[in-house]
Every structure is written in C-alpha cells, then in structure tokens.
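Next up: the structures, one after another.
Look for subunit A in each of the two complexes below; its partner is subunit B in the first and subunit C in the second.
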Partner chain A sequence: MAEISEAPDSDSSKLFGSDSKAPQRPDSEPEFDPKLMRKTKPGLKRLFLTFSVLFSFLLGFPFLWKSVEIYRSPLPFREIDSLSTQLRSDTLLFPLHFHALFVGFDSDPDRLRWSILSEITKLTSQNPKCSDNYTLSVTVDLGSRCLRGRTSSPHSSSYQCGSVTGGDFVQNDDVAVDERLASVFGGKNNEYSMAVVKGVSERAVVGKYRHAWMVVGDGSDVEMAVVKVAEVLIKVFINGGREEGLIRNEFMPVGADGKIVLSFNLLNADPHDWVYDWDFEKIDDTLLTPMIEALGPVANISVESQVLYHTPKASFSYWNQKLESYVFSTKDLPFFVNSNEWHLDTSIAAGGRSKILQFAVYVPSAKECPLLLQLPNGEISKTNGFISPDLENMFEVFIGQFRQLFGFKSLNVYTGASGDWNLLPSERGFTEWELDVLSRQHTCFNLHSCATTLGSLSRLVQSLPRMIIKDEIGKQVKLSLEAAKLALSNASSGVYESSAASSSQARSLAEDAFFHPSIMSVSYYSFEHCFAVYSPFFLPVSMHVVLAALRELRRYKQEKAKYLAWKAKANTAT
Partner chain B sequence: MVLLQRPHILLLLIGTHQFLQCWIAFGSVNEEGQKQEEFSEELLLKTLPDHKLLAHFHFQSSAPPSTSNGCHHHLFPKAISQLVQKFRIKEMELSFTQGRWNYESWGGFDPKSSSNAKPAGVELWAVFDVPQHHIDASWKNLTHTLSGLFCASINFLESTATYSTPEWSFPPASGNVRYGTLPCEAVCTENLSPWLKLLPCRDKAGIALLLDRPSLYRGFYHSQQLHLTSTGSSSEGIDSGIILEQTLTVVLQPNSEMAIEVHASEKHIQPSWSLSSIFGKQVSGRCVLAKSSSVYLLLDRGLSAANGLTSENFWSNPSFELSANPDRIFLEESSSHSKSLSILYMFQVEKYCESEPFDIGLMWKVPLAWFCQQTPLHASSANSKDGSCELRVDVFQVVPWYVKVYFHSLRVFVDQQPRAVSDIIEKIHVSPSKDKCLLGFLRIDEYPPDANQGFDIPSAIISFPNFHASMVFLEDDSLNKSPLLSKFQEKCPVMPYTEVLLVPLTTPDFSMPYNVITITCTVFALYFGSLLNVLQRRVAEEERFLKAKAAKKTGRLPLLLSKLSAKLRGRRLEPLHSPPSSSSFINSKLVLKVILVAGLAVGWQYFFS
Partner chain C sequence: MACNTRNKYPAQVFNNENHRLNLYGDNVEVDYRGYEVTVENFLRVLTGRHETAVPRSKRLLSDEGSHILLYMTGHGGDEFLKFQDSEELQSHDLADAVKQMKEKHRFKELLIMVDTCQAATLFNQLQSPGVLAIGSSMKGENSYSHHLDSDVGVSVVDRFTYYTLAFFERLNIYDNASLSSLFSSYNPSLLMSTAYYRKDLYKRRLEEVPVTNFFGSVMETIHTDAAYKALSRRNSGRFEDEMSLDQSVHHIERRMLIKVNDGYEIHDINPEGEEGASKCPWSTFRNKFQKAENVDSLVNYGLVAMIPLLVISTWLVQ
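And then the complex of A and B:
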C-alpha cells in the first residue's frame, strides 16, 4: 500500500486507482478516466526483457540444429538418376560388324546384302535391355576380282581378294579350315565373318574364332544360303546358340563382386571300402587354368579342392535287376545332397558376396556300387555317372556343367530352323564368339544391376533423412558411376573386354556401397529419438517464453492506447 | 554378418567295379616324392589320484609346404589352411574349457597338465606374420572368422578390453602376439561339432568314435583345444606347411559300480573302469586315413612308485589288471633325482575291427594312494645349484581398463610370512590401455550381457621360465615317432592359471539415460519458467488487483488468506469495504473442488491397489 502513495504516476498505479482517490483527481483534469487513460508513457523495460529472452531462445535454435545434425556425405543423386534413365530410355547398343563373303557366286553384292538384312530383321527378337547395332557388308569373290557392296564399311576392305578359294574347303579337316580362315579374316574384336563357298561336300561349321563357313552344293541357289547366313549371324554369333527361355538370359553365376569360387569336392562315401584321391594340382594347371584365363574379363575365378570322407548320400537308391546296378533317379537329386554330413564349407578365402560353385564327385560305398543315375525319360545318364574314373573325362563333364551354368550347350551341334551347324569346340572351354556373347551379356546385366542398386540406394538415402552416410559410401558411389560411364563408352565403341571388366567393377562398387555396414546398422539417429530427448526441455520453456512475450506485447499495446487517449484529451483540453 | 549365397551344387557320381582301380588316382601323388598330408589319432588315459580318469585325445594333421597356394587338400581341413593363408598366422592356440583343472590332485608339473590345463571359457592367442600396424586388424578379423567357424562368441575378443599384447612373461611372447580370453563363455556340444568337422574321419570312425556327448559333458573338466603352427615363411612364394593339433582333455568319474560289486567293503580302492563304461562306446577300428592310431595308458611316477614298479619288474603289475595286452611298453628315461619312472602302455587300434572292437579296461586289486607332480611352487635350496633359494615366477594378467589395480596394496607372502614387495619383485610392467582413459565410466554398450551378474576378470598366467616339463620315453628310433610322445618330449613351459575373478561392479539402470534427460530438462524448464515469471511480474499491480477483487467478493477463504498475509506482514487487517456477497458457510465451488480431489484420491487408490 505504501508503494501506491509513493509512486502515484507509475505505469500500474493508474489501472486500479482506489475509489477513494479517484474523486480527488477530477479537480485538475475533469475527464480523466483511469481505466481508459494514463498520463505517463508505458514502460519498455519488461517488454524488452521478454523479447530479448525470446530472441536469444530463437537464436539458439540454429546452433542446436547444427549440433544434432548428422553427417551425410553428399551423393550424386542427379547423376544416378541420369544413369538409370540413360540405360532405360535408349537401350545399350553394342556395335557389331558382319561380313559375308560369297566365293564362287556371281550375284550382285547389294542385292545379297539387302536380302540378308531382310532375313536378319525377321529373326531378331527385341531385347528390351540391350541390343546390337550391326552393320553388314557383303563381298562376292570371283577369284580374280571382288565385287563389294556400295555401302560396304571400312571393315570389309581389309579382305584381300582371292585369299579364300573353294580349294581350301575340299579337305575334311574342319580345324585346319578354321585356322586358315582365322589367318585370312584376322581376329577383329567385334567383326564376325561368314564365308559361303561352292563345293562338293556340303557342310556348315562355326569355328572357334569369330567366323563360320558353309560349303554348298553347286546347284543350290543363293537364297537358301542367305537364310542360313542370316540365321547363323543372329542365332549363333549374337545369341550364342542358346534357346530362348531355356535359362534366364540375365542369369550369370558370377557373384556381386565379380568373383566365382570353384570348389571341387571328392566325397568318399565310406573310406572303409576304398579311398579315392585326386591329383588336383595337375588338373588345375592343365584343364582349368586356360578356361579361367579365357573367362578373365567376365569373372575372377579361383579354384580350391578338398577330399571328404564318410559322406553318405541322404537318399536311397534301388537295385535294378536288369541293369545289375543301383539306380538313382534324377528326380531324387535334390535329396541326394546330405547337408549334415557333407561339409562342403563356404570358403573363408572368398569374400562375402562371391559366388561359390560347389562341384561334388561322389564315390559310392561298396554296398551301393555300381550306382547309376537315371534320367526322367528312363535312360541312364552317360555323363553324370562313370564307371572307371578317368580324371580327364570327369573334368570335361565339369566344364560342360560349368558351360551350362553360363547358358551354353555342351553339344557340338547347333540345330537351327534352316539346318544343322557344327560348332568347333575350343580347348579353353569357351570359343571366342561365345566369350564375346558372355562379355556383351555380362556388361549389359552388370550395368543394369548397377543402375538398379544405385537407384535403390539413392531412394533409400532420400527416404531416411536422418541416416548417417559415411564418406566412404559417397566415394564408392562416385567410383561406381565413373566405372559405369567408362563401361558405357567402351561398350559403344566395341571394346568388349574392358567394358565387361569396368561394368563388373561398377556393379561391385555399387553393391559395396549399398551393403556398407554403416547403412546396415539400425542405430541411426531417428527424428523420434531427437524429439524424445529434447522435448522435455524445449516444450515447457518455449511455451513460457512465447506466452510471456505475447502477454507483454498485448499489455504494451493496451497501455500505449491509454496513453495516446489521454494525450489526445490533454491536447484538446489545452 | 556375411551374406551367404546359396552355393550351387553339381554332382558327379563315380561307380566302381573293382577295388583295385581306386588306387590309380591315388598313386599319382606319390610319384613326385612330395610329402603328403598326414593325420594321426591318439588317446592317452591316466588314472588320477582322486578316483577320476583323465582322457586326452590328440589328433594331429599336417600339411606339407606346397606350391599350390594351399588351395588343394586331401586330408587337411581346407578351412584351417585358408585361415592361416588369409591372416598370415604363424602360431595360434584356441581353447574352449568348461570346469576347473584341479592343480592339487591332478598335477601341474607334467607336460599334459601344463599344456592342457586351461582357464575356463575361451582362450585365444595368435602370432601373426604381418607388419606391426596390421596386427590389430588381423586379430579382429581372425576373431570374427573363428567365431563363425566354431559357433562361439569369440568375436567379443575384438573389443580392446579383452585382449592385449604380452610383451614378456607370456612364453610365446614377441611383438606380434595377441592374447585374449573370454572367461564367461559357455562351452557345449555346438563348439565340439565344428571342431570335429576338421578331422578327416570326424566322429564316424577311429578313436573319435568315443566322443559321446553326454558322457563328455558330464565330466568334471573339459577342454577342447586347437593349436596350429605354420612352418616356414610364406614370403618366399612357397606356401608354408601347417601342423594342426587338436586335443580334447576330459576328466571323468568312472562308474564305481564294478568296484563295489567286487570289493564292496573297501571304499578306498580306485574304481575300475573300461572305455565302454566311461564313454559308453567302443573303438571299432582305426580311422583308415590315420597314419597311426593308438591308445596309451600312462602310469604316473607316483603311481608306479606306489605300485613298486621299477625298470626291472614293470611287466608284472601286482595291483591292477589290464583287460587287453599292451602292444608296447615305454619306460621313462631315468632322471637323476627321482627313482620312480612313468610307464606308458601302448595299444594299437589297427589290430581291432568292427567284429572285435577295442575296449581296454583296468581293474584295481589293491587300494593305492599317490600324488601327482605339483607345480614347482615349493622351492627349496636343494633344487638350485649354488645354494641360494631362487625361483623365478612370471605373472601375466589382462585386466580390463575399468578395473583399477592399485599396486601399492600388493602384498607378497613367502612361507606365509609377509615380505617387502621390493625384495621379491624385480619388475612390474603395466601396459595401460591405449584407447581408453581411466575415467571410470563405462559406455552403455561396453557392459557385458547380464551385467548384474558381475564382470569376469580373466585368470592370470603364472609361468616358471626356469622350469620345463618334459617326459622322455625310451624308444627305438626306427619306429615312427608318435606325435603325442614327441609332444611329451618337447620342453613345454609350466603355466598354471589362476582362477577367474568375478567382480560385482555397480551396474546402472539401463533406461536411466532417458530418465536423466527428462528430469534434467524438467528442472531446467522450471527454472527458466520461474525466472521469466519473476522478471516480468508487477508486484504492486497484482496486489492492488487482488484487493479490488477482494473488495468485490469476499469469500471465507480469501478473507482468511488476507488475514494471514496481513499477519505475516505485521499489519492490521484493513476493514473490508463491502460485505461478503455470499453469506453461506459452504461455498458451492469449494464443495465441487473438494469432491473432485476426493474422487481423484479414490481413483488413485483403486487403480494402484
């Protein structure tokens, strides 16, 4: 009460002036109403204080935001998107060049070229992902001079007229002919040659390099030859002689890091009866190493072997009286593998994403011997069961099975719509044109899978804004994109081997980035966590501060209006 | 962890008509004169003084140095060879142990106990052939690989609190060694199966057939070890040869039923046993892949002395009877200071087959008492040459960084007399933890699972560098040396282990961080709020407002309050200007409030009862 009398003109004293004092005032200013007016300016002290608190509070927010920020390495989202759209919109085109050589035919090369092209377009099936951009040149060799098509590309000009004659094909030795043609055509990287010769013994052979030849009878017409030429170019050289739908086109038994581990196991079912061993070092050197080197651009292959003992099979075989042997049916094969007793072991030496192919040779025990494998049609398999263990023979079957995994047949005959073709096998397991097919397919598959992986990674990263992304991931993504670009440019210029290598590098880097342990961990710092930690402080405090600021502001406005009202009255009074 | 892809399995079958053909492929290995991979299996049996039986299985596989990068194997386990290749291991020992080795009655100073008595849990040490700065990374990768290989949580050894670099006082000490233990790791059959997988015959044939899981894990002590040594350096292009020793030591209680039947009156007689009564199984022939397959029965020096057996009369054994005749008998090379000799009976398993399985039994005829050789903890002047009584003892212990060890409180007793530490101890070396400072705070992820149980401090290794345990048996060199006997002849260091210490450390409530955050934030919020309130408060104005309010309407409570405040301020209560508007004694609002509070209280009671 003392303050009231001592400070009659303080900002608050006017609001609730006591009834006893109010009647005294009107002496000097008769119109003064303490509820609506005040004489002094409203004070700014408290308003300033609350607002400074509010501002410092707001100023603190960016600092807090910075301090709880998590590290995210910038990822090139736009480049990832552009890579996948590039792969999706314009299909990857591999440039190929076909060269058809007709020896002893007297036809117009341009007309031949046109008819071959029309046959080719009939045969080509559109692969939605990757296709080939082929050019065709036709040469008709008349011995003394050559007729070249007007639209022939510079590739075909390297052919010397008269270097292939009908006499070369008289002999029946296909391998010699193959070598002869290889020296004539030269092994250009993406150029496939096809020679059609008139001769006595009709034959059609695909060599182990990048060419094929056909000897047709004297009387046969060119049109028939044209159909066969078109078929071999498309079905064999481009599609690898595979039948559609037999095995998924994209399937490659290559791990995500571009590695394959071939693990060979010799399983002695019962060592009490007999113990087999093998000299794998020798086999590795003589049989497997050439194949592994040939497949180098497609996959990085390592070989290991072991011998296991006491490994009975998990399923029974039945005694067949007629065959005088135990017969195991193919349909039971899934139950053949005894995972309890066969410790085939995933390899420690292999990385986490390598593909391990286990090859098992099962030596049956004495009481289930001889053991034969019965195919579904009732016949006995010739390749998957041996009597007399000949190692060479066995490993040829291995290589055949390995080829099968890559989608190639082990038969040396390709049966097309227009006739049969002999396929010359290579001692390396894979012929050059097959390796080309693999490289193309591998590049295509790798690039698409790299784009998909990077796309999922970018979607994942964008959908989780509070996920920590380490620098390493950013680097891997960058390198992967670079490798993918290199692979694309190499593929379009026709350098298959290096494009396959860099595409597999791109894919493995993309997988590395996607499966990086820091992404896999669940302990990322979620927004809910952040909210739960800071809300007990910020919610009540911010409420207090904001409400106080609002109240002060409102009060200041009110008081100012009062003061202005008094001032206006005072002005009118004077 | 590792993304396993389903391996593709392709099959080939080989059928054989004739037995002869099978050696065609086999013979080609021999032609080159290369050393072949070898495997041998042995079992040592020994009766212990406290009526128990020790069975020590010893399997040894060796791979000679080869040029094929160690990719192709015939007998040697592929996984181990790849492990050695990948991590460049020079030597490694991994042991899984359950139970405690009784040094008092089972002995501590013979080659067996000094190399096979291990601390409980998992112990791993490895010597690497890699540059110093790569060792820790190799160690971590190795622990992860081993934990996958043996189905155990060996990967916990990667945390720096569990392993260390012994610089001295650990026998294979060099800069490249890492040593770590997990005392609380439980060992069971899931660890034994992968261990058996490394044997070519696994437990399908040979001596390993005896490894019957229920009888093994019923024992008093069970220690399964894997020791590998790679010979030669791998830097010379030729790949190093590897020797892998797998040992399993079990201490079992033979069923004493047989003894009771025969000598029901005599309680002190040793229980008679046979392989089939201990393990419940018999050996039906050797593992065909083993170079040698033999079972040994060892009579201790103490036992043979108690038996009265000397080098002359060891063929006649008056106190016990063996169910099978030994093929050979080895005598220990006589040493100068003890008259009695250990005797080793050898049985070859090769002779036995499925129709006539091997089963050795031992029947005691007279009660005997003897003692095993103790650790050289008792040193007397007789032991030393120059008369001064000196015994060098090295103690090595890994203590996690969160346990503080005060060396000023170290006390040393010699002959139960306290001695000054400086007189006895020559050297103390403490290598402090490198990546943790002694703050005393453990992070939440550094607590072990079930932290309330306590923290296990690994056992200390006590080693006697001047003592080596070895047992040399007289044998003619023409015979192929058995790996087990040659192991006995090696001078192995005597290394008893102390017991594991369980330290009950205070464990926090693991949900505490959130509670702490919440309460701290609430306190801060309260402080801020009230500070702001005080800052913007207008005391005078409020008082006037209150008074005006009181003037309008004065209930009983406000009146009391104003009276009280007046009293507190020491002033006379000002007379009220207006009479109370409501004269009713019980205000309706007040009644509502009281009912509300009562209802809340009742609800609270009801809810929590």
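And then the complex of A and C:
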C-alpha cells in the first residue's frame, strides 16, 4: 500500500521542520531515493538551536565553578620549608668574644691562649640546636708593658695597659671592684672579660655585668688559673650556671604570645583570726619594675595582684614540740594547693595563650600558727617561715622562685669542678650575663618553635584542600617569616636583645596563624561531598542537552550526505 | 541534665541511688553544658583553636608538661561517639585532634577513658606517642548501665564508671596505687563487657605509673632553696612593716602546668532511660528499618529505573 507507506515518510519529514520539503515521488528524475538523497541543502536552524543551548550551558559552567570555589590565601610554602631546613642543618651560631687578662704573671699570652682553648674544648658539650661560636684573646699585663696574644677575632681589644693592677683588689669590697672593672672593660654586648690577678687573698667573683675576676695567691700555678678561667667562661657565661634537672628542660615560662602575667596573691586562711593586706603598688614600683624592664627583650611581663579571704589549705600539719610550731612535710606539698577553694586564675587581662605565673603568700589561721615546712632531709626550710615582718624578704623569695623558673639558682655561690665562684647579685633581679644567656636560649627556642609551627601549619593546610584560608592567616605567616629572618641575622651578628625580641614576635605570629579559629577540619566538606550535592542538579539536564546536540549533529551529517549524494547523481546525469 | 525541666532534683545530679554524692556540688566547675557540648567545641578545646573572646576558664590551658585525663561517656558505636542526639565524633577526628595536640606540645601524657558501647573502637586510629587509652567494651560488645534510680527515673551510672569510682573510693590520700592495678580491677563478668586498653603508644610501664599521674590534681613540687638577696643590700628601712607576717609555704603556683591532671570531663547528656539495658543505637535503628521499607534499596531502584526511561524517551523522539 503505497500511500500508507508514503504517509509516515511525509509525516515524519513534516515533523522535522519546514525546511525539508517533502520529497515528491519524482517522475522526471530517475533514481531519486528519498531515503538516501535530498534535493535541498539541509538547514542549519536546528543545529543552531541545539548548539546554542549547549553553548549557553558551557558558558555558565565557569560561573558555577567560580561560585563554588573556596578562597585560599596563598601561603609561602617554599619559604617555610627553607626556614626549617636552614634551622635544622646549620645550627644557629651565636658569636661570642672572650677576653682574658692576666696581671702580675710572666707568661706567654699565646701559650696561655692555647691552654685555655684546650680546656674549653674539654668542657663544651654539643648542643644540637644552638651553639656558640666563640673567639678568645689573651692579654698579659706586666705593669710596664702589655703582651697581647694573637687573636682570631676582628675585635681589637680596647684594654689600656696598666688600667688594672693588683692594688685594686686589696680591699674586699666586691661591688666596688665590680664597678671599677666595668669602667675598664666596657662590657659591650657579647664580649666577656676575665681578669686573673696575683694577689694576697684568694677570691673568685663573677660580677654583675659581663666580667669576672680571680685573685690567686703567690704560690699558685698559672695552669690552675687556666682551668678555672675555662670553667667560668663555659659553665657560667655561656650556660648560665645551670645544671640539668633543676627544672624540666622543656618548660618555658614565657607564653606562646610572648607574654607573662605575674599574679601575686595574698591568701588569708581564716579572716576571723586576722586579716593581712599589703601595699602592692609601692613594691611594684620599686622592686618589680626594674626587673620587668630588664626582661623586656625576653618577655612582655605584666603584673596583677589580689588579696583573697577564706582560703584554707587542703593538707594537714602536726604540732612539733621541739620546734614549737606546726610542721608539715614536702610529702603534703602536692596537696597543699587547694584548687577548689583558692580561686587564683581570675585574670581578665591575660589572653588565651599567655602564661600566668601565680605567686601565693599563705597566711595560716590561728590554729596552725606558726607553720613550717620540713624538707625530706629533716631540716626546716629557710625560705618559707618569716619572723621578720619584711615585705622585702618575701619578695626576695619571690624573685628567687621566678629565677628558678628560668633555670637560675639564687645561691650566691657557683660551685664548679675546680673551685667556687661568688656570684654578685643585681638589683634588677638578673645580671647582664644572665640576661644574655636568657636572650640566647629564648632566641634559639623561639626560632625552632616558630619553624616547627609553620611547618605543621603548611602540612595541615596542604592536607585539607577544601579548607578556606583567610587573608589574615597569610599575612601572619608572612610577618612571622620576616621576623624570623630578622632574628637570624641579628643573632649571627651578636645583637642578642633585638634578636630575642624578633624571635619572640616570630613565634607569637606563627602561633596566632596556627591557632586561628577558622582552621577546623570538621567544618569543611570533602570534594566528594560537593560533587554529591551538585550532580543531581546538573547531571540529568546536561546529559539531555549534550545528547540532543549530538543527535542533531548526526542528523545534520546524514542530511548533508544525502544532499551530496543527490548532487553527485545530478551531476553525473547532466 | 541538672537543669533539665524533667529533673526532679533541680541542679543536682547523683551518681548513686543513695543520693550521697551530688556531682554538681559546691566544688564542681562545669565549663561546657547544654547546647555548647558539640563536636566542634570539643575539638576546639582539644586543639586550642578558640575565638579570641573565649575566656580562659573555657580553654584547655595545658603545656608541654601536662598530663591530661579525657573521660567520655554516653552512647557510641563502631568508631564513633554520639553527641547531643544529632552528631557524632568519629575516631579519625579524635585521632587527628590528638595528633595536632602532640605537634603543638599540648600534653606530655594523655589518658583517654571511654565508656560507651564498642568503646575500644573509638581510639583505633590513634598514632601519637604518650597516649594511653582504655575503653569499657570491645568491638561488637555493649556497655551497660549499673542500676536504675527509681526515684529520679533514669539509670544513674554506667558499670564501667561505677567500678572506676569504687576503685578510687577505696584509696586514701597517700596510697600509691598504680594504673595497672586500676586496669586490672575491672572484672569482665561484673562489667558484662571486656574492658580493653591500648598501651602501645605509652612508653612507661603501667606498674610504675601512679594513678595520681592523671587523677586528683596532684602536682610535682620543687623547693626553692634560697632567696635572691640583692635587695637587702639597699637600705632595708625602706618599708615600714605593715604586717607581721608568719608566712607559710612559698610555692610557685605551678597549677597551670599540671592543672589538667584531673578530671577534664566532658559532661555529655546521659540517656533518658532508654529501655534500661542496652544503650546502643544501632540495634534499634536496624530493627526499625526491617519493620519499615528499606529506604536505601528503594532509592537505588529509582536511580536505576531512570536509565531505561531516558533510553525510551530518546528512542521515542527519533
């Protein structure tokens, strides 16, 4: 049935659009097969329509991509890595210069220098993190002239011949001698001087500034003096007179933001018996302010004080008839601090990452008065019971405890392997050479801590590719790296104070960046989650559009082929 | 819990039927309660990433020498712990937080005690050294509550917690009980589950570690031998004595170093008498699903059915 078979053809061709005319059953042209040929060129409208839809889809894709993009501030990963490797590989070197002066000895300065250096190398322990690069120069003062030894340092000794004589040391006033030597030696940053004098009474003293002196008797050997000199240079001037184990090495009294808050608390156990108060302002101005100023490069210290009432202690004491007082032992000390009743940590000035050091003075109730602490060896502690009502004595103990936190002992004697040295104390709580030790130690610690923190941060950021990194974090990291570079350059040129301050700034910025509250992995979704959210919207529609475009393209190609076939046939016919 | 309107004893939570001990008593400080107890806040406390305005009392102020006790109790399951009926703490999140803490030296030693169903799975993913962890039950086991307080209407304490408390009640202040005695005091038949602990990351031997290492806020003390006598050289008549001070111990407050020795406890919301015996969600969940339709497979079928629909529609248009 020809018509019926025709009808679907014409119908289907009408469906496809107006531009393909229904092929007539040609009588005139032979071999025209509508299935394989067509007379007119296929139009582009359909193709244009579908492709424009596809194109608009594709055009929208970059906008979509941009809208789901997460903002990540670019962090300088390479610089962070280079800082870590720099600190790890070449250990931080602090340049130091030692100057040894021998008065009244008739020895060759070069030989003395050599023997001091050999003693020093015996004593130096390898500190893996930060070490010191020292140079030594020796001068022998013979009264009339001076013999200066060879020295490897570029420092020219500013010592004038004859400035120090044996007569300076005759009187036993250490403080006066100290001042005299300070005017002679100068005591510049990172230069330490040592004077060995032949005299009458033997004495070995380390001054408040950056020098020490030793008076040896007539009959003593210069070799003994050399050993003592080496010991004081290394153990005292470089290591600060500390030993291992006094305070844990990892404990740093300075908080992560470079601040310390000193909190002084006066605790009245039972106000019904008696109530004590103190004039803290006066103490603060006179005693604490110089110390806080001296420690400026190392930490930014602020002071608070409070008086508390009704603060009983949690442990017990017993009456000792012989001592006529109540005694409790160090066994009870861990329970002494009654955290429940003593509300010490009420500072509002301290930030989240500062360290608060609490100093508490406990006034016992009448039932337990007087109260003494008994040490494990049976002695009574000298530093806790005060009969004399002096606030100064009490604050001396405070300063002793504060120094202990930094690792310094407060006994005025350093007992070394080759003899004792008297250590002169300073009104500022720390002597200059102690401050140098602190600056060096803190610079070393801060720089290493900064490098590890930045390394951890970069690893963390790289492991979470979909976490937002705010601009603030990028800025903090950049500033931290700059401060660290500054600290390194200052340290290698020997300017300790500014290097300590820069290193503390570097560390605090690195900690701020690492502890930024927006870095929480829980809040960010993985890429799979994002895909799972968006694909139900876009995948079905895009699939249809793409399929339609492909289909139209294929149809166009077919129609074009048909037309070309017809054309070829027509050409061959004519 | 204490301030829940359904609590018959407002502001009081007891751990025993006899109501002897009020857990919200005078000396207890609860830092996070109610809606603040979320996974995010918990991880923020551990890692230290707070907003700047968060007060110090809500932060974990630990440093490189601190010993931290982390005690978690509630509902849990395979590698997760339930928070607030709406979210979960996953084991890998916890392990990640502990790793970051260790990198920043926020603790020296950490003891994690978990009392939930399948508790031992929660610390499966830990890798950081210095961590000791014990869970009340192993994978596939449930943990049970101890007894029901018919006055209040809920179970007041879980078995693992009950026996832990019983252990500590037996000690006096000078006892030197070790962690191994604590861990071996758990009897599987009494707990009705196996308490499992993990000590591969903890270097010290458990027999040598006293329980006061983590419990009881017991501090290490160092005596100061001498005062720094620089100031007495100046004229000492400077200060009039304003008081006669018979002082006692000067001891530097090293509280903030080892303060977190004792209970840093997350007060989670206890289940409200959920059928008493088992408190695991998965079994109830599964039951519900088996009764109703299987929603998952329905969704899968729907997706698969879309493909032939697409094919058919394409063919039709052609």
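The working rule: the second predicted complex is superposed on the first by the 451 of 574 C-alpha atoms of A that agree within 3 Å, B and C clash if a C-alpha of one lies under 4 Å from a C-alpha of the other, contacts with A are read in each partner's own complex, and residues count from 1 in each chain.
In the analysis below, a residue touches a chain if its C-beta (ideal position, glycine included) is under 8 Å from a C-beta of that chain, and two chains touch if they have at least 3 such contacts.
Every value quoted in this text rests on a predicted model; they were computed, and no experiment measured them.
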Practice item. Could you tell me if A:H272 is touching subunit B, subunit C, both of them or neither one (first, second, both, neither)? Key: first
Check your understanding: Is A:K475 contacted by the first partner subunit B, the second partner subunit C, both or neither?
Key -> neither
Exercise for review: Once the structures are superposed on A, label A:L405 by its partner contacts, choosing first (subunit B), second (subunit C), both or neither.
Suggested key: both
Point to revise | Partner chain in contact with A:N393 - subunit B first, subunit C second, else both or neither | key: second
Practice item. Would you sort A:K35 into first (subunit B), second (subunit C), both or neither based on which partner it touches? Key: neither
Practice item. Tell me which partner A:R111 touches in the superposition: subunit B (first), subunit C (second), both or neither. Key: neither
Exercise for review: Examine A:T330 and indicate which partner it touches, taking first as subunit B and second as subunit C; both and neither are also allowed.
Suggested key: second
Practice item. For A:I519, decide between first (touching subunit B), second (touching subunit C), both and neither. Key: second
Review point. Between subunit B (first) and subunit C (second), which, if any, makes contact with A:R554: first, second, both or neither?
Key: neither
**Study point:** Residues of subunit A at both interfaces, subunit B in one complex, subunit C in the other
**Key:** 263, 276-279, 282, 333, 336-337, 344-345, 347, 352-353, 355-364, 369-373, 384-387, 389, 391, 394, 397-398, 401, 405, 515, 540, 544, 551
Study note, to complete from the structure: Interface with subunit B, subunit A side, in the complex: residues 3-4, 7, 10, 12-13, 15-16, 18-19, 46, 49-50, 53, 253, 255, 263, 271-282, 284, 302-307, 309-310, 325, 328, 333, 336-337, 343-349, 352-364, 366, 369-373, 384-389, 391, 394, 397-398, 401, 405, 515, 532-541, 544-545, 548, 551-552
Check your understanding: For subunit B, which residues are in contact with subunit A within the complex?
Key -> 2-5, 7-17, 19, 21-22, 24-26, 28-29, 66-68, 71-75, 78-79, 82-83, 85-86, 145, 149, 197, 200-202, 204-205, 288-289, 514, 517-518, 520-522, 524-526, 528-529, 532-533, 535-536, 538, 540-541, 544-545, 547-548, 577
Point to revise | Contact footprint of subunit A on subunit C as seen in their complex | key: 27, 39-40, 43-44, 47-52, 54, 56-57, 59, 63-65, 93, 96, 100, 103-105, 173-174, 212, 217-234, 236, 238-239, 241-253, 255-257, 259, 306, 310, 314, 318
Review point. Mind pulling up the subunit A residues that touch subunit C in the complex?
Key: 246-248, 250-252, 263, 265, 276-279, 282-283, 286-287, 330-331, 333-337, 339-341, 344-345, 347, 350-353, 355-364, 369-373, 375, 381-387, 389-405, 409-412, 425-427, 429, 452-453, 456, 460, 514-517, 519-523, 540, 543-544, 547, 551
